[in-house]
Amino acid sequence: MQDGQTTVEVEWPDPVHTALAPADDSPTADRESGAPESGQPDLLTYIRAPMVGTFYHASTPDAQPYVSVGDVVQPGQPVGVLEAMKMMSAITADTGGRVVEMVAPNAHPVEFDQQLIALEPVDVDTVDHS
Amino acid sequence: MFSTVLVANRGEIALRVARACRELGIRTVAVYSTPDRDSAVVRFADEAVHIGPATAKSSYLSVPAIIEAALQTGAQAVHPGYGFLSEDPDFAEICESHGIVFIGPPAHVMQQLGDKAAARTLMARAGLPVLPGSTGALVSPAEAKELAQQVGYPVILKAVAGGGGRGMAVVRCADDIRLAYNETRAHARAVFGDDRLYLERFVDDARHIEVQVLCDRHGSVVHLGERDCSVQRRHQKLMEESPAARLPQELREAMWAAAVHGASAVGFVGAGTFEFVVTPDHEFYLMEINCRLQVEHPVTELVTGIDIVREQITVAAGMPLSFRQSEVSSRGVSLECRVNAEDPTRDFAPAPGLLTEFVPPGGPFVRVDTHAYPGWLVGPDYDSLLAKAAVWAPDREQALARMDRALSEFRVDGPGVRTTLGFLRRTLAHPLFQSAQHTTGLVGRMSTEATDNAVEDCQASLPPAPNPSGDGDECAAVD
Amino acid sequence: MFSTVLVANRGEIALRVARACRELGIRTVAVYSTPDRDSAVVRFADEAVHIGPATAKSSYLSVPAIIEAALQTGAQAVHPGYGFLSEDPDFAEICESHGIVFIGPPAHVMQQLGDKAAARTLMARAGLPVLPGSTGALVSPAEAKELAQQVGYPVILKAVAGGGGRGMAVVRCADDIRLAYNETRAHARAVFGDDRLYLERFVDDARHIEVQVLCDRHGSVVHLGERDCSVQRRHQKLMEESPAARLPQELREAMWAAAVHGASAVGFVGAGTFEFVVTPDHEFYLMEINCRLQVEHPVTELVTGIDIVREQITVAAGMPLSFRQSEVSSRGVSLECRVNAEDPTRDFAPAPGLLTEFVPPGGPFVRVDTHAYPGWLVGPDYDSLLAKAAVWAPDREQALARMDRALSEFRVDGPGVRTTLGFLRRTLAHPLFQSAQHTTGLVGRMSTEATDNAVEDCQASLPPAPNPSGDGDECAAVD
Amino acid sequence: MQDGQTTVEVEWPDPVHTALAPADDSPTADRESGAPESGQPDLLTYIRAPMVGTFYHASTPDAQPYVSVGDVVQPGQPVGVLEAMKMMSAITADTGGRVVEMVAPNAHPVEFDQQLIALEPVDVDTVDHS
């Protein structure tokens, strides 16, 4: 989202910080979605929201999250669900990689094209082992 | 009153609505597609939500995206602007079912009036004059041909789900009706997802005059006078004025009364427009009723002093209209020109691009509604409306002079960008427009004159191009 | 009617006048000094003449340069705008002697009213209320002191040749009068080339209300209602509105009548303004008469629909006014804000520079008069007025909300450029302004409040700054 | 002067052309004054109009012109007169040089800062001989 008066720049994700900091009320509200990241843009790829909705890490409140930081995902693998107007749709990874950050917290509203999950490339070996 | 309103539109109208919200002290949420991320309304609004990609179907026409954006931002109401979802009864119903107020007429009213063939019949039953034609959707080319024979040529075929000047064809003789029927049906299916057609008598050399109504939920139904929108290119309005010039007062009042009566009959709420065709012998017939804000609403605002968007919002919030019919008075003359990013020399093909220069006109009695600014990229994804320039003056002659002055100072430039500014000035200067004797045939006539002049300029001996506004049983379909 | 008019001014007012000319079908000649070579009016005008360097004395104040430019371009009339040569009777006479019409009152009327002390006496004889004070120019500090004793403190010393809020000093006790007299005299000599002073009673917590008049050469003398210009910083107007809020109708009408009577008495022709001070107990007194278009004329235009500049031109061409007094009606409320290139945090010091961004407000009922555009270099040579933003609304509350909306969308940026936009919005939001209980002391009070708030914000224990709008025999000269 | 719609660029003065072409009605009307010339700007200097007025090459219609093409002028030397509001004031050269063109024709209106006479630098010898 953009505030009419100010635009808050997205900072380069810091896995340590992300891992330690508890999710606050609306950490994604100030993130600008869609803009290409500056600096080292080839290091991370992002799974993005295909539409406006609420992003869930798991299929139900009690279920395990689809993926967590450190997991390696394959192209086409479900990584979360997006709810819009009570309809749930699966979010799948376009490309494979290792999850370095759940950028959008669980059960929080997201915009179109907003970054949901950050992936880093993994060795061919690692990808192939599955 | 609402504390937050979401504006489900883009361009100048989204900014127009957001301005009204801010003046009412309402927090405003803009929604935007990817190419609109730096748009004027995104800059203006208190909050903005990215709802989808350029494709309108996945952004400005995406009901789930807009509903979700409204729920996320705590919007209590949605203003749909014009176009996109503004006359979609399903969208209105879905808003209501999510506890969001749709700023517009009730869904069932939009449903009734959205079917143009049914609306025709409904309004005819209410006593409004309609042109001879269909009582419902046509079922076959044969039926169309038979009906056309009854009402007499020329006739016009229109999409039942149409509006805004799209999905219609004039047919001047029986031989052409089958082809026109099939083509218009295919067009209607493609554009509106509904291939039903209806037919009515077509009037050559007519004027397009519409009456603005505003209705609240407390039984108040008022009109704000009329607008003359006869300057059209292929059924698209280019210039609008209020009041309509050279119109007998009894006729004017009869049209006002018809609009008020029709609005009352259907239980209208909010802002609506009754579009009439006025024949050269001063008969008037209802064409259609629009359940939304019109592009050209500023001309009515300038002569009445009434902020139509503000009234839409307060009416939707359950408040009565801020004025009574007896308090409405029209002062002076207002005129609006639509400045489009189009190339008039290439049949008005869109001519978008980056605006390196954009200095709108200003000064006395000039109003500009625009979302453009220097550095704005006019994209190819949406309509080509760049700005609406409106003027007010005590009389029509001064209004025309003022508009010409305003257009003369309007500076728009950028690589590949062309505008209708020059074309509008030529239209303003045309003797038929100057003397208010123009009809919807004016722009076609100007094209012919331009061709004639070009021929003359070249000293060539080619015969002049035929005049397309000829009447009689001339056998040429005009889209 | 004239076929060519030369506009002897610069900035927004030159453009304003040129717009009126074009709407009348008059060819327009702009004149410009070197730094104004790319100015808006030069771009707009049909022709432009380079009349001199930046120094106004050698360009906009150079009578030979302007007369020559008019003769070279075949201008039949000169419109002087405001400031510069607009109230110079010698210039008016020289124009006439060269066969050029000066668009303004006759030279002898400007002569009479330009001497503010003599004008006071003249108008008092005509029956207009004036504050107790001088009947002519003061001859010595001693006379000033004696007269001040008679009329009672506080008093205000003013330059006989002054105007526009310059060359005046309020004196609150006898001890200060000699110093104030000498300082004001030196200032008057420097600014106006005329060191004569006069004195009158000064009213604290007064309102500044002025009446617009228009007179033709056929005996018609009409008023266009009043403007409240009480929001001032050091006698410079910042915001103006029409009609004046919270003013008894009898008082309003008495002021209109006084202005019409005064204009008739002096044989006024053209556009003029009678400036009055209105006391807290609703007495009114004439302060001065301006023989020119006012900066704030748009607010009157917006409520009356009358184009004052157009009337100035047609009257100068010998035509009667286009309306009678009975046809003048004021509708709704209009408000204007002056957006200056000044830094309110540095005591409104000029903050000029290159405009890298300039997007004026638009939309419903907003009028902007500006010569600025993206890429325009706001120079240090002339006044800091960047734009006048005016709005209209049916009532004052809506007008204030609309103005705040308009200012909120006004985007001005550039290296070193600061504007009064934020200050104007704070003024709009002030409870005294919102409730129309403000006087000319408002801006001073706001400064004090800002100091108080700053103190509070810092949690410091300093005593609040003294309120400069205190009354009584407080011994502090306020310029 | 500037036309509101178009600005005509001043062309580099061509002494041959100037010498041959008769002065037409308003050859200076389209010249933009004051703008520095592009290309070889150090070759020519210009005597410019100190104010708006009518430029005369001679003191009276029957008198000889103050200077003509080919003449060498000294700093401070009168080179023409400017009439404004019936007042005549002498135009003098700020710097010396040889007259290569009478840019502003005789008895024609000129603007402030408009080029009147083009000078080219001359050898020290030539300047010194006077």
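Should a chain be cited, it is by its letter among A, B, C and D, assigned in written order, with residues numbered from 1 in that chain.
Keep in mind that, in the parts below, a contact is a pair of C-beta atoms (placed from the backbone, for glycine too) under 8 Å apart; a residue touches a chain by one contact, two chains touch by 3 or more.
In this text, all values refer to a predicted model and were calculated from it rather than measured experimentally.
Hopping across touching chains, the smallest step count from subunit B to subunit D is 2.
For this pair, subunit A with subunit C, the centres built from the Cα atoms lie 60 Å apart. One finds 73 Å separating the Cα centroids of subunit A and subunit D. Work out the mean CA point of subunit B and of subunit C, and you get 43 Å between them.
In subunit D, no residue touches two or more other chains. Counting only residues that touch two or more partner chains, subunit B has 44. Inter-chain contacts occur between A-B, B-C, C-D.
Those residues of subunit D whose C-beta lies close enough to touch subunit C in the complex are 1-4, 33-34, 51-54, 84-85, 87, 109, 111-114. Interface residues of subunit B, counted against subunit A in their complex, comprise 28, 30, 34, 37, 42-53, 58-59, 62-65, 67-69, 72, 94, 98. Of all residues in subunit B, only 15-16, 19-20, 22-25, 44, 298, 301, 305-307, 309, 322, 331-332, 357, 359-360, 362-370, 373-374, 392-394, 398, 401-402, 405, 408-409, 411 touch subunit C in the complex they form.
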